[in-house]
Every structure is written in structure tokens, then in C-alpha cells.
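The structures considered in this document are given below.
There are two complexes below, and they share subunit A, which is joined by subunit B in the first and by subunit C in the second.
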Partner chain A sequence: MTRATGFGLARGAAFAGAAVAFPFVFTPAWIVNIGVLTLMYAALATAWNLFSGYTGYITLGQAAFFGLGAYTLGITFEHVGIGSGYNPFYALPLVGAGVALASLPVAWIALRTRQMTFAIVTLTLLFIVQQLAFNLHSLTKGSTGLMLPTPRFPIDSYDRPFYLAMLAILLVALGLCWLIMRSKLGLTLLAIREDEEKARGLGIRVTSAKLVAWSLMVWLSAMVGGVWAYYLTFIYPESSVDPLVMIGAVLMTFLGGRGTLWGPAVGALVLVPAQQYMITRLGASEFYLVGYSAVFMVVLLLLPRGILPSLRDALDSWRERRRTHGSKPVVHGEVRA
Partner chain B sequence: MSALLEVEGLTKRFGGVTAVSDCSFGVPEGSLTALVGPNGSGKTTAFNLITGYMRADAGAIAFAGARVRRPDPVTLARRGLSRTFQQARIFPDLTLVENMVAAIQQPWYAAFRRSIRTPERERALGLLDEFGLARLAGDRARTLSYGQKKLLEFATVLMGEPRLVLLDEPTAGVNPVLVEQIEQRVRELNARGLTFLLVEHNMNLVMRLCDPVVVLDHGTKLAEGPPSLVRDDPRVLDAYLGG
Partner chain C sequence: MHEVVQALILGILVGGIYALMASGLTLVFGIMKVINVAQGALVILAAYLSYALWSHLGVDPFLSIVIVTPVMFVLGVAVQLVFVRSLRGPEASELSLLVTWALALGIEGILSVAFKTTFRLSLPSYADTTWTVLGYQIAEVRLLGFVASGVLLALLSLLLTRTRFGRAVRATVQNPTAATLLGVDANRVQTLSFGLGVSMAAAAGAVYGVIYPFNPGSHYDLISRLLSIVVLGGLGSIGGAVFAAVGMGVVESLVAVEISPIWSSFSFFVVLIAFLIVRPQGIFGLRERVL
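== the complex of A and B ==
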């Protein structure tokens, strides 16, 4: 194991440990609630980054799969006894896999388009799923909404299982990103982002690589949607297939640093608490959206490439300055000799 | 000599313009074939048709004795037909070594292996060394000069162990020293049995390097043969000078 790998693993373990400990240390429900939302967005943004950050294909349809995951879990509750308490969490990987499998034919067609067209095509996917949720009344109960059974978790730590479930998905997402970036698949995805036509000319199987990244993104997003539905116990089309959720995940990724491992999670860590704070401060009015965008604009003005890449650049140039500064006397010595 | 690549009746129309019209030629195995012609004569379009970047309206292509029914860059590259682009195309944000290793054709089950394994790195470094790029191996490709990018693109194509390489203007916009280096590489690789098809504007280079030479004009083949014969063909002179 190289030193960098060891350092990366240590950082991951430290983050996981701190994140697991958090809801046991800070127990008030409102704090854990913000924690659940933060982790939810962190997981969504990391999943988005896994596909869009690495391949360069900007999808605006991720929230469709979040909603499909939510509805799939809700509908499963209606028709199949998947138990209560912790049991539904264990069904999530399967729910996610089902949604991912169902999304593949659509992805295969959508991935024939590029850039803006791809973004728009996937955005329409979001609205199609929302319309289906409205209109497939027998399955989704339309705008009436779907009730899920309320789990009997102890009232003073009710949010904690959801927090831990979101955290588990985030950790899986981060682990997948980390593994992919060290693998040949990661190299292929970056090659696609850089120049897909060139990659094709080299005999790189671009379509399969894109589909693998896509289905992982969908799998993770659907699982997040499932946890969210179980948490709220009530879902309806506008909230479960919400363009604002979509925009949130993309903004956080850009804020933290697209194509980096930790960037999306860092972006969520900054934006979600800020957003929740604004909501409590500015009340239920839509003014919080103004404040939300102000946070975003400030960060983009100061750190245009996202938090992590900008910090890394700053660190690099600082090191460079120190190095050239330190080596100056040697250069002089050589000149004199 | 049998033909490694056989092109027959290739035709491509863009609206009312016929860019390539009933074009037929062959690239003999082990040869250094040149495809030349005045600007707009359809050379690059022919390249794009052969490599599957464009769909032909008519015509047939056979590679290594087998008819290629639906030319597709990925399958062709995996069968041993690779190309470079007129504007050097590389992966700018990847390092030189990553550029090289990304170009190795992998079976699907290798997707989750380490991105760069030691033998792959060594092979990449060896080839980069042949192209005089070894000391830049860890740099990002976007820091290279234009000529160096052309060298890198050429080198990456070789990582896929092709049988036939299509070079689209390998020396355009490259300084004379690098032109010499590229020519040297092409000669060496050809001596080791690699077949080339070049689109090239530098006529001196074509005349001393290539045989046979195929001349295109208005999308059709005007002449095909050894350089000395082609050079003295009055129709070729007319196409280039007469306009």
C-alpha cells in the first residue's frame, strides 16, 4: 500500500467514524434531522458525480430515480410484507437494483445524445416520471399521495436509523467512487469525458462503461429515495420527483468540486445546513431560496472551480512558492561555481 | 502482396455535394500507402468512412480479408485498424502514461483491475521513450506542444497493437525536427511489419516514404501506383496545378 492510499483510507475511516458518532453525541431531533438531509444530499451528489462528474455527461434526471426508488419502496409496502423497523432498509439494495435495471434501456437511448441534448433529454425523464406518478392512480394514488407504515423507533432517537441508513449509502457511494477512480473503468470514464470520439478510435468500449457508471448512479439514487420515503412516511409526486432536489445535488457537486472524490459531500455539508438555517430564519417564505443562491454565488465567486479543486490549487502554488524560494541559494551557488 | 485493406466503390454525399464518389483502392499488407490529393478532394472523408466515424452511402470495405459490414471505430480498432486525427487528439487532463494505458484494449472483465498495472506502465514508458517523451511521462498531456501532442497520439495508437494505422496528416503544423522524428518512427515500425495509410500534404515526404501512392480528386481515384509514376502522371499534375 502506498502512503497516499494509506492516508486516503485513514481519512475515509476518520470521516466514517465521526459521522457514525454524530447522532449519538448530538441527540436533539432537529439536529439529527438536518444530518439526515445533509447525508441525503451528500449521497445524491456523490452518486451524480460518479456518473456525470467522471463521464462529463450532465444528467438532470437523477431525481427521477430518487422518486422511482421512493415509489418502488412505497408500492412494495402496499403489496408485499417487507416488515417494519429495520427490515425495509435491507430491501433497499434490491429496490435500487430493480430501478437501475429498468433504467438501462432508457439510458441506452439517451446516451446516444451528447452535452446539452443529453441534459435536456434526461430532464424530460424527470417530468415524465412525475407525470406517471400523478397519473398511474392505481399504483401511486396520484396527487393524494402514498402512505408508508410508520416504523416504531423510539421517539427520542427516531431519526437515528434514517441517519445511519443515509450514511451507509453515502459511504458505499464514496467507496465505489474511490474504487472506480483506481480502476481501468475510471480511466475509461475520464477518457470519455476528455474526448469520447478519440476513445472510440482507440477501441475503448465507451457505451458499456457509460452504462455501468449510469446504473451505479441510479442504484444509489433510488436507495436514497427509498430511505427518504420511509423517513417521511408520506410521498406525493411533487415532492418525490422534485426538480429542486435535482438542482440541489448538481449545485452541491459543482460547489464542492466536480470529478473529485470528496467534493460533492463537502458541497452538501456546506449548502444543506446553510439552506436549513435560512428556512428557519426566513420562515416558510420563498426568500430562503434567495439566501441559498447567495451562498452559492459567494462560493463560486471566490472559488470558481469548486471548493476542493480551488483549495488544492492554492495549496499547490503555496508549495511551489516555498520550494522555489527554498532552492534559490542553491541556484545562486551553481551560477557562481 | 495481398491487400490488408480493400476499399471498393466508396461513396458519400453531403446534400448535393459528392465528397467521395465511387472510390476504390487497396492498402497492401506491409506497405506505406499514401492517400494524396488537392484540398477538398475527399481524403479525410474517406478516412472517416473507412474508420466508421461516418456512414457511407455506398461501397464496401474489407479488412484483413473479411468484409466489414457496419464499420464502427470500436470494433475496427479492436480488430487492428487504428487512426490518428488531423488535429492531434489526446486526453488533455490525463498524464502521458494515463493516455498511453487508456489506449490498451482491455477485455470487459478487466474493468475493475488497477487502472495502471506495472507491466502496462513499463510498456508505456518504453514506447514514450522511443518517441522522446519519457521525461514528460507524469505531466498532463495538455502541457505538451502541438508537435509533441501529435507524437503522443501516434504513440497511444501503437499501444493497441494495430495491424494498420491510418495517419491523418501526421506532419501538418509540426516543426522540421519533429517531422524527421515522425518519419523515422514510421519507417522503423513499417520495417517491423506495421502497415500504414497516410493522408499527407508534404509531397517531399510522401515521395520518399510511400509506395504506393493513391491520388484522389473530387472524391474519385485519379491514379494509383509507385510515387515516380504518379508524379509524372499528367492528370495528377493537372489536378494539383490546373484547378
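== the complex of A and C ==
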């Protein structure tokens, strides 16, 4: 184990420890509620980053899988019965896997197209799933919405199990990203982002690599959707397949830094509390939407690379200046993963 | 059979209006590789402008095209200068997708503040007039909308084929570097074409506001259709967009008649996905060229 690996693992363990301890230290329900939402967006953003950040293929359809996860869990409750309390959480990996499997044919078709077309096709996917949620009335109850059974958790720490479930998904997502970045798959995805044609020409299996990253993204997003549905106990098409949720996750990824391990989580940590503050101050729609789009614009236009890469650059050049104080000129622009 | 022909007529009439919106979208993509996700929101904005002119000043919605289009052209130029032009580098296209999405959200938010979220519809005196030709019903507003769209598309085509500006645009689409070397001012062409694309949305919006009830959130439905249309037609191809728009109109109204209206917009997405298996580049799209 190298020193950098050890340092990375220590950082991960410190984060996990602090995050697990958080709801036991700060017990008021509204704080834990913001924690649940922050972790939800952090997990969604990390999942988005796992596919779009690493491959460069921007998907705008993540909310579709979030919604599919939510509805799959809801429908399973309705027809199969997966118990109450903590039990539904254990069904989530299966729910996610089912959604991921179902998404593969569409992904395969969409990934044959150019990157711009891919973004558009995934966006239409979002509207397809929303339409299905409206129209398949016997399964989803259409616009009436689907009621899930109330989870029986003690009232004074009601939000805590959901917090821990979201945290578990986030940690799995971060772990997966960490493993991928250090594996051959990570190199393949990077090659796809930099020059897919060349990578294909060199005999790299680009399609299967893209599909693996895609399925992991879908799997994670669907699980997050499942926890969210169980948390709210009531889902309907507009809320569960919401373009705003997805665009939020994308915004957080851009703010934190695309293609970095911690960037999306950092973005969520900065934006979700701010977002919740804006909602309580400005009301849920109207002005809130204007403010949201303004923040988005500022991030995209002024900070397109994100917080973490910008910070790292600043740190690097500071170190460099100290090391070579007053001697030879500094060369910038090394290649980094 | 009667039903099917009636659906065909309706589909073609509707498709004409979508063709106008989509042509602006695909033109902008062809020139600067930017997908304007705000196109739907701009259509709705124009529909509101036209609605306001009609309800406050009594301007006929179809006549208001003449006022709304130049106003929105200026707005489009401003949007390009402020938001789109500053995007550079290899990921400019992907970033533009998100920037214009943010713009769409902003427009939706401002419209919700200004007009609330109730549905509106411009209702001129002839709104309910319907002609019966050979036993088929044709609503006057839909026919007028179709004709207006056709005239504007013809004007666009004349502009692109018969003028110096149009030649510069086509040159930029074919090969931006060569066009610049031959003295085409790429920045100017990009800015003006973006304005042109937005004014197509504006004209279509004025028509849209007479035919469909709309509210600030209507742009989601619009943009999902418009994006499917331009992808099916082949990104950057105006002819393809017109063809795909009419195709969408026909498929949707046929499904509405034969199966159920609730599946009509869904059906078009299925057509799109199925088509992409055969031709990933769309009907008239070019294969991706590796630079």
C-alpha cells in the first residue's frame, strides 16, 4: 500500500465515521431531514459522476431511474409485501439491479449515437418513464399517486434509518468510484472520455466498459429512489421523475468537480443546505426556480471545472512556488487522471 | 378509414408548427453545435407575449407574429452574447446543453412569477370556426397556423439559399474553419443565427398560444418533443427536422385515434428509439466525422 492510498483510505474512514455519528449527535428532526436530502443528492451526484463524469457522455435521464427505483419499491410493497422497519432496505440492491437490467437495452441503443444525441435520447427517456407512471394506472395509480405503508420507526428518531440508508448508498457509490479509478475499467473510461475512436481503434472494449459504468449508475440511482419513496411514503409521477432533482445532481457534480472522487459529494454538501434554505425563504416554486437557475448559470459560466480541481490547482502551484522559490520557472499543465 | 384520414390531416397541420420550432433548434445546432434546451421555454415565452398583446391591446395573435418575432430575435442575440458565446473548449457543446437548461428554468420561473401557473389560451373571434371539406373537419386556427409556419419556413429557406448571409451560414455549417479562412465572420454568423433560431421559436409560440392551452411548465413537454424531432431528423438538418415533425404529428394523431390519446406522445418516443437502432445518425444526419 502506498502512502497516497493509505491517506485516501484514512480520509474515507474519517468521513464515514463523522457521517455515521452525525444523526446521533444532532438529533432534531429538521437537521437530520436536511442530512437525508444532502446524502440523497450526494449519492445521486456521485452516481451521475460515475458514468457521465468519467466517460464524458452526459446523461440527462438519471431522474428516470430514480423514479423507476421509487416505483419499483412502491409496487413491490403493494403486490409482494417486503415487510416493514428495516426490511425494505435489504430489498433495495435487488430492486436497483432489476432497474439496471431493464435499462440495458435502451442504453445499448443510445450509446451507439453521438454524445449530443445520447444526451437527448436519455432526456426523452425521462419523459417516457414519467408518461408510463401516468398511464400504467393499474400499477402506479397514475396521477393519484402511490401510497406506501408507513414505516414503523420510533417517532423521535424517525429520520435516522433513512439517513443511514442514504449514507450506506453514498459510501458504496464512493467505494465503487474509488475502485474504478484505480482499475483497468477506470483507465478505459478515461480513454473513452479523451478519445473514444482512438481507444476503440486500439482494441479497447469501449462498449462493455460504458455499459458497466452505466449499469452501476442506474443501480445506485434506483436504490436512492427506493429509499426516497419509503421515506416520503407517497409518490406520484411529477415528484418521482422530476427533472429538477436530476439537474440538481448535475449542478452539484459540476460545482464540486467532474471526474473527481469527492467533488459531487462536496457539491451536494454546499448546495443542498443552501437549497433548503432558499425553499423555506422563497417558497417552493416561482422565485426558487429563478434563484436556482441563477446559481446554475454562475457555476457553469464562472467555475466550469468545479471547486476541487480549482483548489488542487491553487495548492499545486503554491507548493511549486515554495519549492522552487526564486529559481527556475514553473512548468504547468501536467496530465492527471 | 374516415377517422384515419382525419387523423392524417390533423397530424400534418400540427406537424407544420412543430417543424417551425424544430427548424430553429436544428439550425443553431448545425452552426455552433449547441443544443438550445430553452427552445421550448422560448416558445412558451413568445406565447405569453402574444397572449398579453391580444388580451391587453387586442392585437390578433397571428398578426402579433410580426411584433413578437423581432423582439425575440433581439432576446436571442442577447442570450447568445451573454450565456452561450463564453463557452469554449472541447466540452462547450455539453456545457451549452446545461446552460440553456438553466436558462429554460429561469424563463419558467420568471413566467410563473409574472403570470402564475394557470393555463392560458388566446381566443380570437374565429377560434371555434371549423370548415368541412369533403366531410373532413379543418379548424381555421390550425390551418392558419400551418400556413403561417409554411410561409415562415419558406422565408427561412430563401434566406439560407438566396442571400449572402445565408451563404455564410451554410459555409459555416459545412466547414467552420474554411469559412473563417474565406472571410466569414464566424462570431457574427453564430450570434445572428442564434437570434434567427429563437425568432423561429417566437413565431411558432404565437401560433402555439392559439391552438394549445399553455402554462409556464408546458416547456417540458415541448422540449422533449422538439429534441426527439431534431434527433430523428438528424441533428443539423432542417429538411430532416421538417420531415420528422410532420411524421411525429401524424404518428401521434394516428395513435390517438386508433389506440388512445394517453399513449400518443409516448408512441413517438418509441418510434425514435426504434429508429435509432437502424440509423443512429437520424434520417438525414451525417455520420460522425472524426477530426
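Keep in mind that, in the parts below, the second predicted complex is superposed on the first by the 307 of 337 C-alpha atoms of A that agree within 3 Å, B and C clash if a C-alpha of one lies under 4 Å from a C-alpha of the other, contacts with A are read in each partner's own complex, and residues count from 1 in each chain.
Basically, contacts are C-beta pairs under 8 Å (C-beta built on N, C-alpha and C of every residue); 3 or more make two chains touch, one makes a residue touch a chain.
This structure is a prediction, so every number in the text was calculated from the model and none was measured.
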item	value
First, second, both or neither for A:Leu202, with subunit B first and subunit C second	first
Partner chain in contact with A:Thr324 - subunit B first, subunit C second, else both or neither	neither
Touched partner set for A:Arg114, first subunit B, second subunit C, both or neither	second
In the superposition, subunit B vs subunit C on subunit A residues touched	C
Partner chain in contact with A:Leu190 - subunit B first, subunit C second, else both or neither	first
First, second, both or neither for A:Leu289, with subunit B first and subunit C second	second
Which of subunit B and subunit C A:Arg182 touches, first, second, both or neither	first
Shared subunit A contacts, counted only where both subunit B and subunit C touch the same residue	197
Parts of subunit A lying in touch with subunit B, wherever the complex brings them together	179, 181-188, 190-191, 194-195, 197-206, 208-209, 212
Residue numbers on subunit A that touch subunit C, as the complex places them	56, 58, 60, 106, 109-110, 112-117, 119-121, 123-124, 126-128, 131-132, 134-135, 197, 243-244, 247, 250, 254, 285-294, 296-297, 300-301, 304
Partner subunit A, residues of subunit C touching it in the complex	29, 33, 35, 83, 86-87, 91, 93-95, 97-99, 101-106, 108-110, 112-113, 117, 220-221, 224, 227-228, 230-231, 235, 262-263, 265-266, 269, 272-273, 276-277, 280-282, 288, 290
Residue numbers on subunit B that touch subunit A, as the complex places them	51, 53, 73-78, 82-83, 85, 89-94, 98, 101-103, 105-106, 108, 110-116, 156-157, 159-160
